[in-house]
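The following pair of complexes shares a single chain, subunit A, combined with subunit B in the former and subunit C in the latter.
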Partner chain A sequence: MTLGLPERAGTARPALPRAASWLLTNEFGLLALIVGFGVAFALGTPGFGSPFNLFTLGRVMAIDIMIGFAMMVVIATGGLNLSVGAIGVCSAMTFGCLSERAGLPLAFAIPGALALGGCLGALNGQLIVRSGLHSFIITLATMSVFFGVMVFVTRAEAFRALPAAISAFGKARYFGYVSPLLIVSAGVGLSLAALYRLTPLGREMLAAGASAPAAELSGVRLGRTYVLCHLLSGVLAGIAALMVVARTGAALPSMAGDLGQDWLLPAFLGPVLGGAALAGGRVSVLGAFLGSALVSEITNGLLQFRVGEFWVQTYLGLLLLIAVLLDLGRRKFLASIGSVAR
Partner chain B sequence: MKPRLRLWLGADWFGPLAIILAASIGITIFDPSFLSPFNLQILMLATAVNVVVAMSQMIIIAVGQMNLAIGAIGGLAAISFAGLMQVWSFPPALAAAAALAIGVTAGLLNGALIASTGISAFIITLASLSVFKGADLGITRAQPFYNIPAEVKALGDTTILGPIPWLALPAALVVAGMWRLLNRQKVGRYILAVGGNASAAELSGVSISRTILWAHGISGFLAALAGVMLVARLQLGQPSIGDDWLILSFAAPVIGGAALSGGHVSVFGTLFGVVIVAVITQALVIFRIDPFFVQVVLGLLILAAVGLNRMREVRFAGA
Partner chain C sequence: MLRSLKTINMIAAAALALAASATASQAADATKVALVPGGPHPYFAAWEKAGQDGMKDFKLGAADYRVPQKWELGLQNSLLESLLSQGYNAFLVFPGDPVGSNSTVQELTENGAPVIATAGCLKEPTTALFCFGTDTGNSAYLGTKELIKAMGGKGRIPHFTGFLVDPNTQLRIDAVEKAAKETNGAVTVVQVIADIDAPGPAEEKINAYLAAHAVDVDGLVTTAWVPAVVASNALRKIGDKRIKMVGIDHDEVVLKAIKDGFVNGTMLQNPYGQGYIGSYALDRIRAGCKVKKDAPFKTIALTNRFIDSGTVYADKDAVDNYVGSMQSITKKIFAEFEKTYLTCS
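Take a look at the complex of A and B:
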């Protein structure tokens, strides 16, 4: 499912049948790792395979996947969004305010919260396009502004008396261990895949990321495309935050850490493991999905092994390093095959 | 005299200095206690540590990269410094040297990974950020070290002369050293050259990977120094040291006129950028505005500064 422009290395091995070339993809590697780690953890600790643990793992996984998607949609154009966490917290607090203080039904509170996420994302996009600066520095600044305003407005107080329906959704289980949150993530993933595969807009986003001048010459309106990507990122961050609210049953200002920084690592881990090019133009929705799933699985397994919750962060950092190094090696290997074939 | 005046007006540090003077006069009119020795001491204490943090990021901006891990390196150095003194009763000087060595090693590790793989500094330092932070929390189990020797504590809360705290001394040395490095020494010139145009620098015989290593080594050293200074100032080895450095570390150099694409930074501009942040924080306290508002102000300052730098760039390019 690697989208965007075909890689030169890929054209060097047309002789391979489809099934065999699928075995060489990043997505298959991730799937094999997920199964491998799953078997190892299930054999190693009795707790890992229990229905309850699988259910909790599924919920965390669903949230991590959504955070990864929120970053992936801006990586597609070669940008990044450091304010995903801050936007997420703002959406969650807006939801809390709308449903608890204003007493609005969920049918209004949820779209309201997502609309705020979208607006903040669009604001990022506008600032980036208008100033012509890199999204790194703009979203670094807005991360501080959004989070600061949120704390200022809410006085850092949580919303805990939310409607029962939202936490019931977080607690619901299908077939004993499947969380509905996971189904939401899968649904969003399918929509994103359809966006990039089937719609002109999605193709334009990838084209703008692959080569902005070329895209502009072919009639892509770059500014509009960037703003839409950031808007989408804001909405997805909002969905992720509402999923956290469903899981914890409360809207907490501290849910993503100081300035929302705690979301940064999961946000990049999923897409990067999934084979997205940070320079833009190439993303894999399935890859990002599987990448985030692998990260949540490893985190959960390590906690079951009692390595200590503090060291888990170190392992995840090492995992990101290994992933980018392996990806580098894979690309060098494929390039060397390509140069031999030519 | 006239050309010199024009030179000053065009310098990166002139704008921030003018803002500081105007803000200080404005605040003093409302509340004369702003210039009291006690308040000046608080301002200088805040500036002393933050300027070292900002320089740690500035040297990486100079080479055209970014270092997300400075806070994690600073935290790791801080708890190593405090831990070595408390658990193994190292003398303070030796513990500080070990902490600084850890910082340099961590920085060199970042630099080596970036230079040898060519992967973006963003991803490498994001990964090493969580490696170092995890080690920091794993070693301390998120508990601070409380037994800090009296002489270290004294360094953090006594003054040399009038309101000037002892911690201002290492900060002043760092500022002077960075100015000399970037203006008078080969390594500093190489760092700016690689940041400005890496291929041109390489063609002129500059080793890019060695220059990147130098920049990250210096950055790690400064981050560790800031961590050690904070242990003295807070009087305890807090594992959360460094958690809130990221925004400030970019805000100050950018306010000081640094180009994020690399090759152009201003040491004194960065120093004044840090002072602006300290003055604004102090003003929020004096006017009884929510201190959380500092976050908003910092973010807006970054936006305003990058916008202004951009406009200046466009104007210079046109002229």
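Take a look at the complex of A and C:
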């Protein structure tokens, strides 16, 4: 399920039976961990399986997944977007301004906010391409610039009189426990999978990440590709921000912490756990989805277990480490069985 | 493969059924109060003891103090949602944001858990029963008046205060300005330094300010816990008792500085009373009492359903008996609370 360029001849594993190769995937490992932790938490705590908790867990997952996607699309080219939180806050505040101050209907305010996210992302891309500097440096700088301008323009005043429909969407439940935000994340995930799997543009993005010189020789316009990746990242950060707005019913300058830094951890955890190569060229949309879902589930479960609030991060780190090591062991074990069977 | 998937499904279904039945059986039980601040802060430490005492005195199922890992609205919301799932059915909440917390508070109340906004208010309209906290504006105003009196009615003062996201901060800034303006220019607020209710920024900004401007100021007013502690230490280090100061809250550093004459006094708040009386009120509401529509609520900027949990100025003479002062305020509010604010059939 990981999307990337074919491995070089000589380094590829011998072909395994289809079912066995699915068992070896990162995505299967994540799915098994999600199910395993889910069963453990449901057995261990009375509230984990309640419809309300499943609903709120799904809502948190949806936001973390979208933040992860916003980072994943630039990781695909070997880049980073540290300004993902700052862009998100700018989009949310733009939405608040268009909706509350300008009185525009949601049909205009939402695209307007996403357009701003896309523009800020594209600006990141242009600066990276024109300066030749690594995206780490550029987006570290623009994180401060975007956030600072947002605070200056809005005077850090939140927008708190948004249309009731936006918070109603955040609170809506399907079948008692499914948040519509989770459906949005799933829909965006399917679109991204289609982009990488079915379109030349998606393949070009992965090719640019795998080997920029080779991609350029193949006719890929690298600059344009990088800019489009960052534009897409900005739009996805905007969608994540609007999800947060739907959850809280307000557009808050503090929604992603100082400079938007609170989004950085979920931005990296999902894609990296999901199997994305930080050097670029390989991403997994399903893996990023499941990776973010696993982190949200563990955090929720630890809270349900009443682990001291200040220990949650420590236990989260330990559980993730154990989970990754178990998954590594599982794949090595299955691979060895596969070799013996052949 | 299919068999193992079926087994997993069966285990998951059994777990969900167990969880659901456990949750349902808890629903009709005793009041379980969660006391949830916006983040870690020494001001709220008294809530823990207040909850324990409330649980014992009012025979509550629980009254637990639960703190989000840091001051972040999303973390507080997640914690509140999780606590509801764990069976807590009544909440004392310091809102992480006066509007941003409303959505979560509404979800809590829609699930049958009454909420009192405590120590900070939610912006109306809100489904919280009422706001129970210090009249922060009045406290800051009275504290500044005490400072002006100590300075002989004239001088220049900076104001060190708390988080800008705290709904109380702007009220405090306005109140200090109001007290200064009443002197017709004899007292001026030369600078407001906000967002420093944490040790790092407070140390950095207050010490830098005093290093540069100590000779230019005649007094200091602090309206947040950590700035009060840091400013008290700074004045002790400077050793010059010419600069007058009125702080806030009851940190040992501030109380000792008052005793030693480096600080003139402090505006005490009543976090213990908020937790104790708030737990009682939630239990009474769950027992069927209703909030009186014509109760004598105060009106402040955020809400017209505000109950003052009390504030008092403690100087050198009163500082040794500050616990007694706050206990007497708590007893007084508690004695009249049900009759004044609730209708119980």
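Points to keep in mind about this one:
Operating definition for what follows: the second predicted complex is superposed on the first by the 305 of 342 C-alpha atoms of A that agree within 3 Å, B and C clash if a C-alpha of one lies under 4 Å from a C-alpha of the other, contacts with A are read in each partner's own complex, and residues count from 1 in each chain.
We adopt the following convention: a contact is a pair of C-beta atoms (placed from the backbone, for glycine too) under 8 Å apart; a residue touches a chain by one contact, two chains touch by 3 or more.
Here the structure is a predicted model, which means the values were calculated and not measured.
In the superposition on chain A, A:171 makes contact with subunit C only, while subunit B stays out of contact range. Of the two partner chains placed around the shared chain by superposition, subunit B and subunit C are both touched by A:156. Legend: residue contacts after superposition of the two complexes on their common chain; A:221 is shown touching neither subunit B nor subunit C. Shared-chain residue A:312: touches subunit B and subunit C both. In the superposition on chain A, contact is made by A:265 with subunit B only, not with subunit C.
Within the superposed three-chain model, A:140 lies in touch with subunit B and out of touch with subunit C [touch as defined at top]. Of the two partner chains placed by superposition, only subunit B is touched by A:80; subunit C is not. Residues common to the contacts of subunit A with subunit B and with subunit C across the two structures: 156, 310, 312-313.
Chain contact summary for the complex, subunit C toward subunit A: residues 1, 8, 11-12, 15-16, 18-20, 22-23, 26, 40, 66-69, 72-74, 77-79, 81-82, 84-87, 97-104, 106-107, 111, 123, 164-165. The residues of subunit B lying in touch with subunit A in their complex are 66, 113, 117-120, 122-124, 126-135, 137-138, 141-142, 243-244, 246-247, 250, 254, 260, 290, 292-300, 302-303, 306-307, 310. Chain contact summary for the complex, subunit A toward subunit B: residues 80, 127, 131-134, 136-138, 140-149, 151-152, 156, 258-259, 261, 264-265, 268, 272, 278, 308, 310-318, 320-321, 324-325, 328. Subunit A meets subunit C in the complex at residues 19, 35, 38-39, 42-43, 45-53, 56, 60, 156, 158, 160, 167, 170-171, 244, 247-250, 252, 254-255, 257, 262, 299-300, 303-304, 306, 309-310, 312-313.
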